[in-house]
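One structure, as structure tokens, below. Some questions next.
Labels A, B, C and D are assigned to the chains in the order they are written; within every chain, residues are numbered from 1.
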Amino acid sequence: MKRPLLGLLLLLLLALPVRAQDAFTGALPGLAGGFADIATAVERLGAAGDPRALPVLRALQEGRLQKAGDGRILLPEGAGLVDAATGQPAEAAGAGAEAVRLNNRVRQALRGALGRLQILSPDPAERQAAAEAVFRSRSAENVPVLRQALARETVPRIRTQLELALAASQLVGTDEAGKRDAVARLGSAGTVEARALLLEARGGNPDLVTAIDVSIATIERTLSLRRAAETLFQGLSLGSVLLLAALGLAITFGVMGVINMAHGEFVMLGAYATFLVQEFCRGIPWLAPWSLALSVPAAFLVTAAAGALLERGLIRHLYGRPLETLLMTFGVGMILQQAVRLAFGAQNREVLSPAWMQGTLLLPGGISVTQNRLWIIVFGLAVLLLVFAAIRLTRFGLEMRAVVQNRRIAATMGIRTGRVDAMTFAFGSGLAGLAGVALSQIDNVSPNLGTGYIIDSFMVVVFGGVGSLAGTLVGAMTLGIVNKMLEPWAGAVLAKVFVLIAIMLFIQRRPKGLFALKGRAAES
Amino acid sequence: MSDGYSPPLGRSKDSSAPVLYLDGVSVVFDGFRALNNLSLVVDAGELRAIIGPNGAGKTTMMDVITGKTRPTAGVVRFRDHDLTRLDEATIANLGIGRKFQKPTVFDALTVFENLELALKAPRGPFACLAWLLSGEARRRIEATVEEIGLTARMHDRAAILSHGQRQWLEIGMLLMQDPELLLVDEPVAGMTDQETEHTAALLVRIAGQRSVVVVEHDLEFVRALGSKVTVLCEGSMLSEGSIDHVQNDPRVIEVYLGR
Amino acid sequence: MSATIATPAPGTTGRLTIRLVLIGAILVLAVLPVLNQLPAESTLHVSDFIVSITGKWITYAVLALAIDLAWGYAGILSLGHGAFFALGGYAMGMHLMRLIGPRGVYGHPTLPDFMVFLGYQELPWYWLGFEHFPYAVLMAMAVPGVLAAILGFLAFRSRITGVYLSIITQAMTYALMLAFFRNDMGFGGNNGFTDFKELLGMPLNTDNARAVLFYASLALLVVAFLACTRITQSKLGRVLVAIRDAESRVRFLGYDVTRHKLFVFVLSAALAGLAGALYVPQVGIINPGEFSPGNSIEAVIWVAVGGRGTLVGAVLGAFSVNALKTWLTTVAPDLWLFALGGLFVAVTLFLPRGLIGLFAKAPK
Amino acid sequence: MSTTSLTFTRRAALAGLGAALAAPAIRPAFGQGAPIKVGVLHSLSGTMAISETALRDTVLMMVEWINGRGGLLGRKVEAVVVDPASNWPLFAEKARELLQVHKVDVTFGCWTSVSRKSVLPVFEELNGMLFYPVQYEGEEESRNIFYTGAAPNQQAIPAVEYLMSADGGDAKRIALLGTDYVYPRTTNRILRGFLNAKGIGNADIMEEYTPFGHSDWQGIVARVKRFASEGKKTAIVSTINGDANVPFYRELGNQGIKAEDIPCVAFSVGEEELAGIDTRPLVGHLAAWNYFMSIKGAPNEELLKLWQAHIKNPKRVTNDPMEATYTGFRMWTQAVQKAGTTAVDAVRTAMIGQKLMAPCGYEEEMLANHHLSKPVFIGEVQADGQFNIVWKTPNAVKAENWSQFIPENANRRRG
């Protein structure tokens, strides 16, 4: 790390083969040592800038790099292995060879080294990642290579990232003017990472303290706005989960007046259906990427069928006795939970997220949102629209509304009310299954999955106004956002307790909820 | 009327002042005007019949008087009390009794117990817990049971009574409440002619001591009451007067009788 | 004739037999701790396990009575009675914790171990007074009672009935559970209170203490049963039934329904609290799990299984469901939930009047 | 009204129940050849079933194992399984039932601290013997319990020391995230004392608790990110329990918290928990245990072979509490053989000093404080859901159940 800058510059610009070979082959044996040796070797390989280092480091990152019993480093190539130092096939290397292992320290060094080596890569995505890696590795030695990269770079996004990386590297260097410049530039970046760098530098640079504080204040202003936006997103995300969990209840409870305490278990069934679809698709390569999409209809059908069975088999005998229905479905819930536990085991089941649902999406303004939650918000709203359409636009929706409004007259008009009841309940149950698909992406897929959501869902429906889809939407989102706004100062538990108390008080004021149905019809 | 029934004591009656006074009462549900600027005055001891087509606002008017529904606008007074501010129980205790269109009695209780609950007595939970049936109270209940013709069924649960018997039981409960104003919603629906006659006679007898407002469709019955008649239509008063007067009122004929 | 006026459904003979059955059952229960003292070889010997578990069931039976009074008679289906039970339990638990004194792990003279641990310097104000037994008993009734009064007043005044009330009470017990789980509340968090040493000078975990607690519970059950019978057979009981069946009609008769419901709800909550207070020293632990909504629903189901609106049914249900549960969790540890869940389904479906409906004529 | 049948039913219910429960108690005392009874007190339903069912299976596997070797003292070993259903008072009831009705000779059971606290008075009153196989907060010592999981000094402190070492990433700021119950609270209190002693002030420690089964970690993970942006290398120490881990790790992965930047070391996340998570985004995050399934060596291979054969699933994982159950069971059989009886007092005496070459590859010894000496491993999560051991203690560490970092313990006798 203490090599003179000039030497490095020369090295990079002239790429003297002899010296590079020396540095590369000299660093290699370190990879066979302990974690500290490996980290040093990686740093040296990165600094050497030898093109041969790149495949070695990549193999190391992917866990494919081998070390032989005699300390040689072997690189997989095709079916066999080659000696990384000589490039010659390693014949009898198999014996005693084992993978070079990583720890976080090595990973950190690796990221920096790969970043430095890839920063001039022709692939923009690689350059972008490299610029980020160099930004994080914050080493003054990166300044020249960053300047070189900046001189060539044309993609604006990567330029911004490179400038930040340069600032970060300058900040830990010795050039006072460069540092001052870096402080100002990091201030305008407005990210937590920049703030971290500035705070880190604050202690070691007494004459820069004022400038740093100004920059930090600038960052704080940006961050506080961004945090508000992110809190809103978190609230919407929680709200969308509540919405999905409650939509089924909005049908079964809101429309039919059936208290289904096994609703949470239907959600759980939906999540297990997702798991089963995934396992089925796992063996069929072309189907595998579609497994989550396939889960949506599958989970709906499975839970809808379970719902229809429950309605026809049990619940219909208890119409007009909501309290008994409540107790009975509690028993059904117990049975379903234990049945799943015996069938699938008590352990969590792994439901993978597709790549497009992983990681963070950076929205304009630097607001970062997690992909899985973003998609769940979209999914929740889409399901809501579909429900709305199903009720308003389809024959089934019409019959359902007719039966709800006046069962006797509907029956005389030739509507088979029993069938409509079963379908309505199946529809609500199917929605619970859809909630299960969504929850499989953020929560445990275990037999207990549903129990955590049942009370919240009931509160959403009652708060929003029984029988009102708009109420369910507004109720869910309000609860989600209020919860997330309270959370930072009240803590996760108290926030929830406060929200529950607030709903209880609200219901006392407006027993019919936010979107109350008024008039005589609502009186009964 | 049997001896068991004794008129209430100590009730100061100013026979000239109206007992019930509605002025400009409107009730709006979701834009639908169930009552529209309705005014009605019932005097002490008066028997008043109210008729009108379905949806004329008869039941809503009862709801407003008994505190079930709050009027959107207007004045509702019972003697000196503003009924729009009081709840059902308080209004009932002021002396307004109501019989519902659909007979509502307590199925799980016997005829005797239904009447016992209605009997005018302290209504608080502790008073109910400490309540002991006095001989006087029992005599009053038994007298009423006789009055409504259910002596043989006194200890049967109300659930097993016939429709007519339930109507009678509810009227009996009204009597036990000893109200100053009785609101009677369709008392003879489902009754035989003989029962209807009997009921009319009973209501006429009651009026005089107290005010009675009867809502009914059965014009023969209304005629038998021989009282002043108010015709409601679309939430407002259409006509008022004797039965002959309203039956000849062209507006009434148009909206109601003529159809 | 007049003798039966106030007491309708079962005739005089029916009542007499019920009484005899009850007295017989109480005697059977009362003799259990005595049989426990017989030598273990004796065929009549009853193990400590039976005594302690029966003692626990008796407190459950009192809880069931409390629920039946509110649900079976006044139609108030509270899914929060587990919370009242637990609050009573916590009040007694606090007393028991105070009695540990310096015998705790850290030997602090006044603070319970968990407070020493969380860095409390002194007892929080709401712990003051719990060293006195009468105060603790009072609180075991008053805290649930006041909570029920507040909740009931708000709900009944707003005419929240039926399933809405059930959902609200369920939210109440859920909120309490979350709150009591927090260690910062000063109630021992998830662990709650355990490791009790003594009560009223008796070391717990002795046959003697078990017998005393057993008899105290039995006495509570008898007194509670008589009190509930008295209430349900009074005119108040008939008003409650009337409210259950046609609430608004009762209002038009001039009854202030809110007050009647509040009276019975508060009474029921206080009774549940007392049951909880006797439960805790017998099981040796109280923790927020008792607030879990499932517990409250289960307790309601005991009443449904036994037969609601009969009082006897509530007691029968509490004993039979819990006995079944104890038995099944041992003989069929993997399958007992099917049996219990199936029972709940079957009873609501086929025995709307509960087990008691198998024997008795239609109740009110 | 059939009152006779009512009477009959009530009496019959009680009597029948009494008979059912008391039946084993009426049998004569165990003679030679009567089976030795092992109680299994793990939740098979409710929230804890997710963790505890595997331990029930482990005990059943060991019972099969010992019977396969001719039993113990020439007698058959029989398991009595009950379901305390994640209900803490029910744990106490079932413990009493096992001891008094089934007369078990030893019990293996409990996972949560509260369940152990609930049964402790019962085991002490009836002089039973419980093997408790889960790492816990310490601050306890009962003559009727053998603790075969780790005490805090055998897990938490070495893990934090590792985080603060050069290899572990030189952490200078620690976020303590936990489920709000006694184990995390105590562990974090001990860690705070330890960190303070190491020069990390309270300003550099963040402590946050969440309820059981907490599923929405967005806010907390975002706050940790912010806490980590104060210019000092930050690490997370997680005592998050059970179900809450899946959503926590998903959020960690999705918010892009990489192990290189903010490593997270967990004390309650093992192979079983990881089985429900996609671990690819989590590679490099850490766990500290006294056993990992990936440990090489004959003792572990034996356990793996037994387990996967017993459970009939060649892919089924093992974890630390299972190893602790296995070790505890084997030590108990050794002690019974040494004592020549299953009588609790004799076995208790024989237990102290028992040694076993445990699957973790070290010889473990039962100490006089009823805890084991155990090695400590730090493992990094790998993409396949296993752990790559990146650090271990050179020797087995003796358990300190009374932590020196809790000031109130200063005037206590050391265990």
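Assume contacts are C-beta pairs under 8 Å (C-beta built on N, C-alpha and C of every residue); 3 or more make two chains touch, one makes a residue touch a chain.
Here the structure is a predicted model, which means the values were calculated and not measured.
Q: Comparing B-C against C-D, which pair counts more contacting C-beta pairs?
A: C-D
Q: From the Cα centroids, identify the chain that ends up most central relative to all protein Cα atoms.
A: Given all protein C-alpha atoms shown, the central chain works out to be C.
Q: Which chain has its C-alpha centroid at the greatest distance from the C-alpha centroid of chain B?
A: D
Q: I'd like to verify one number: the distance from the centre of chain C to the centre of chain D, where each centre is the average of its C-alpha atoms, in whole angstrom.
A: Distance between chain centres: 34 Å.
Q: Go ahead and note the Å separation of the Cα centroids belonging to chain A and chain C.
A: A distance of 45 Å separates the two centres.
Q: For chain A and chain B, what's the span in angstrom between their mean Cα positions?
A: 66
Q: Of all the residues in chain C, which ones touch at least 2 other chains?
A: 178, 181-182, 334, 337 - these are the residues of chain C that touch more than one other chain.
Q: Could you list which residues of chain A touch at least two other chains?
A: Residue numbers touching two or more other chains: 337-338, 491, 493.
Q: Multi-chain contacts in chain D: which residues touch at least two other chains?
A: Within chain D, the residues that touch at least two other chains are 44-45, 180, 209, 211.
Q: Spell out the residues on chain A that touch chain D in their complex, using ranges where they run on.
A: 35-36, 101-105, 107-108, 111, 136, 192-193, 195-203, 227, 230-231, 234, 237-238, 241, 337-338, 341, 345-350, 352-353, 358-360, 368, 370-373, 441-448, 452, 484, 487-488, 491-493
Q: Hey, which residues of chain C end up touching chain D in the complex?
A: 10, 13-14, 17-18, 20-21, 24-25, 28, 40, 43, 46-50, 52-53, 56, 105-108, 114, 116-118, 178, 181-183, 189-192, 194-196, 204-205, 283-285, 287, 289-290, 316, 319-320, 323, 326-327, 329-330, 333-334, 336-337, 355, 359-361
Q: Per the contact definition, I'd like the list of chain B residues that touch chain C in the complex.
A: 66, 68, 87-90, 92-93, 97-98, 100, 104-110, 112-113, 116-118, 123-126, 128-131, 133, 138, 155, 157, 173, 177
Q: Spell out the residues on chain C that touch chain A in their complex, using ranges where they run on.
A: It comes out as residues 77, 151, 154-155, 157-160, 162-164, 166-168, 170-172, 174-175, 178-179, 181-182, 293-294, 297, 300-301, 304, 334-335, 337-338, 340-345, 348-349, 352.
Q: Could you list, by residue number, the parts of chain D that touch chain A in their complex?
A: Per the stated touch rule, the residues are 44-47, 49-54, 166-169, 180, 208-211, 213-216, 218-220, 222-223, 225-226, 228-232, 243, 246-247, 250-251, 253-256, 259-261, 263, 272-273, 275-278, 281, 284, 380, 388, 390.
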